[in-house]
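Here chain A shows up in two complexes: once beside chain B, once beside chain C.
== the complex of A and B ==
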């Protein structure tokens, strides 16, 4: 159904797979690239696997993996998101206007995920290049094994932030309950303030970059420690 | 000179145990190695096939056909895959294997009409081009995970665990992480890299069901989705994979190999392939899903006889990893000095983790890789697969079967009480199945 310049899908009546068949058929340069999905009612994998520039607005709450593996699409979730929102996204933008459950942006390789509310545990777990901006706080084990990209937390962070961290960078404005193994606070130099400023500007979240602290890997777990006692 | 009769070795402390304790005392860290378990465990060697006799008649070797084709993914996938032979190539990562080995496997599998599988680290263009039917693994690490590769795969395998290390994550030592491998995995070069042991965005069977649903939505419900588990609580794992919506279940017994894992894991975790197949088949039968959800078995499959016995126990297909590497030259008695430089010898090598594979299979070093030209590797692998198929057909015909999937447990007996108990076939020359018949 076409209304006001966008095409609307109602998940109360339509099968998710047929909605996806339509969304997955969108190609670069198509004229019709504006969509709205209503009545998601916590369904899983809504708007997953999108593969071209398009705008998708979802009015309501979604279940697991909304926007999973997204490429190039702009997705706005006008509600709360279940676990794994934007998991393994490659590019594009996903915005959650409410809160997100655990593993938000897990293994994301590119693009930006904005969570205007709070995110639960394991936000940015194994992230591989994605930028995540959280307007509120994140739960425990966030950025666990984070490899690349940035996690920006405007509120507080739970226990074991950045456990077993590789090269992802973390910025937190509020308090951190505890740092995970091999995660340390690092100096916030002017170039980091610039990076953070850019991330906040892209996300549309309003915060003063100077109020944040930076965390990264101590790189002590990068190589197995092998002694050589017998050589003594 | 000491009288050799006065030297009494200890069963508790044989030389290899003394060596390991002293190595641990020196280094302060567990031993990491490649290959699979080295201890002796009950296996398909402990079963024998019952050829036809008066009560059954065999098929003629050249005149009567013995079909080997199987369909995988008939439960939900719009495009199930047809394998011309029930022997597939297991997931081995680019990173653990070099690109020549990957291309060799792909070419041979394509020639024989079967599939190959990616591994931890993503899909390379070379292996996609070399393999007509390619299974793409979704692993806990998600290294190189890319929706474009999901879409260009022919089937998708969600890896929960592997036989060499059920419950353990991956390892790739720094010496194998060159620039290309590092880039594919989004990691710094040269670090000793550990992969996660749990998936980052799901835990438990209910979540797995949702994950499978997501993958199906992304790929338009076209592709078969497998769930791979390391053999431990196989009956439950198989049932839960079916419940989660898998098209096929891959069960990897403890003989399954690895490129790099703690020795303590390889030797002490998991159950052998033999009892695992039986448990998986029973779980499928209880759910009325046998032959509807296909069972692919791996871990220590080396010959057509192993394949025949796995199928007779109820598997739909098998998968080979270590044996494929051996076909490509692993542990071949050549380049002795290079084995020696690793502190080993042909026949004993398990040094895949070093990246210095003497025969160019598990290395990223271009000089070592030259020892395995892909054309030669492809022919070696094709010939090996062809031989296994001929052996399999020989045994199936001897049992009077016009299709290899018609082999059944009644075509076998066990040589040992252990194997009889694990496979639930009678001890040879008796009608005794331990645990059954009031025994």
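== the complex of A and C ==
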């Protein structure tokens, strides 16, 4: 059904698989690249595996893995998101206008995930290049084993932030309950403020970069350290 | 993997529809637990001095009328009973303990699935939609109810192993997760006089709460110590006469969603089980913080 310049799918009547067949058929340069999905009612993997530039707006709350593996698409979730939103996304933009459950942006390789509300535990777990901006707070074990990319938290962070961290960078404006193993606070130099300014501008989240602290890896856990030789 | 659902009617208008709404929630969680399903419904409390029992022996053709006559003969008082599928709910003008002793002696083939003032438990092996139909769950009214769909990981798929587990008078527990220290804990609790009907890990959690509360703990205190003594992953929902409580393990391994409107409070493993409720799209929705106890009560 086409209305007001976009194609609308109603998941109350339409099968998610047929909606996905349509979205997955979009190719670079197609004219019809604007979609709206209504009544998702917590269904899983809505708008997962998109593979071309397009706009998808979802009105309502989604279940697990919404927008997973996204490439190039711009997805807006006008509601709350379940576990694993944007997991393993490669590029493009996913915006959650509400809160997100656990493991948001898990293993993400690229693109940007914006969560305007709070994100739950393990946000950005094993992230590999994605940029995640959270307007609210994140739960425990966020950025666990983060390898590349940035996690920006405008609120507070839960326990064990950045546990076993590799080279992902973390910026937190509020308090941190505790840092995980090998995660340390680092100096916020002018180049980091510039990076953060750029991330906030791209995300559309309004915050002053100067109010943030920076956290990163102490690099003692993932590099061989002679003092740990006995542990072998 | 299992599914948990719970619904608490804040407005009296919702009470006649409680079974219908809970059934929709339960069936939505079929993917998470196609092995067996069950519900605990709190409804129509008996008067003082009476006990309500849910009994089962696994066969719908059990001679419940004869049993009712035997109850009447031996207790010499009015008996009321209502059969639902393979279970039958009896209302007897007597305390629980004498009835329990009598049943053990006279009818060891019967299992007491629940006992109390208002609780009724119906549970069975099979797809949630079949279980709901066998018990006509959609016709039940009530103040609040919990439901469970089971995908077994720790023990056999039988009606006895399915949830909810009764944890004492008007108390029950449903569990999503698995416990690893249940064998040792079961032996310990047996030595302290707690009965178990199966080798199921979740029944140990139910027995643990019953034991703590028998020793004088409140439900909140019992749940607090459960988080210390139970090793494993869990989201628990515990039903009480006046409401229910929800708690997730401190690591937050298992999912859970809570939602509230002016008419109801609902909990479920996934939001899609809450979505069919009236006004769900406008409800306040949040994820329970791991290790924090959430409870609702009428009193």
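Please note the rule applied: the second predicted complex is superposed on the first by the 222 of 232 C-alpha atoms of A that agree within 3 Å, B and C clash if a C-alpha of one lies under 4 Å from a C-alpha of the other, contacts with A are read in each partner's own complex, and residues count from 1 in each chain.
Going forward, a residue touches a chain if its C-beta (ideal position, glycine included) is under 8 Å from a C-beta of that chain, and two chains touch if they have at least 3 such contacts.
Predicted model, so just to flag it, every value in this text is computed and none were measured.
If you count the residues of chain A touched by chain B and by chain C, you find the higher number for B. In the superposition on chain A, A:51 contacts chain B only, with no contact to chain C. Of the two partner chains placed around the shared chain by superposition, chain B and chain C are both touched by A:83. Using the contact criterion defined above for the overlaid structures, shared-chain residue A:63 touches chain B and also reaches chain C.
In the superposed model, A:195 lies in contact with neither chain B nor chain C. In the superposed pair of complexes, A:107 makes contact with chain B only, with no contact to chain C. Within the superposed three-chain model, A:125 lies in touch with chain B and out of touch with chain C [touch as defined at top]. With both structures placed on the common chain, the touch criterion links A:203 to neither chain B nor chain C. In the superposition on chain A, A:139 makes contact with chain C only, while chain B stays out of contact range. Contacts of A:169 after superposition on the shared chain: neither chain B nor chain C is touched. Common to the chain B-facing and chain C-facing surfaces of chain A are residues 44, 63-64, 83.
On the side of chain A, the complex with chain C involves touching residues 41-44, 60-61, 63-64, 80, 82-83, 99, 101-102, 120-121, 139-140.
Across the interface of their complex, chain A is touched by residues 22, 25-29, 32, 141-143, 145-148, 150, 173-174, 185-188, 191-192, 194, 196, 200-202, 207, 210-211, 213-214, 217-221 of chain B. The touching residues of chain C, when paired with chain A in their complex, are 252, 255, 257, 270-276, 281, 285-287, 289-290. Partner chain B is touched in their complex by these residues of chain A: 16-17, 20-21, 24, 44-45, 48-49, 51, 63-65, 68-69, 71, 83-84, 87-88, 90, 103, 106-107, 109, 122, 125-126, 128-129, 144-145, 147-148, 164, 166-167, 221-230.
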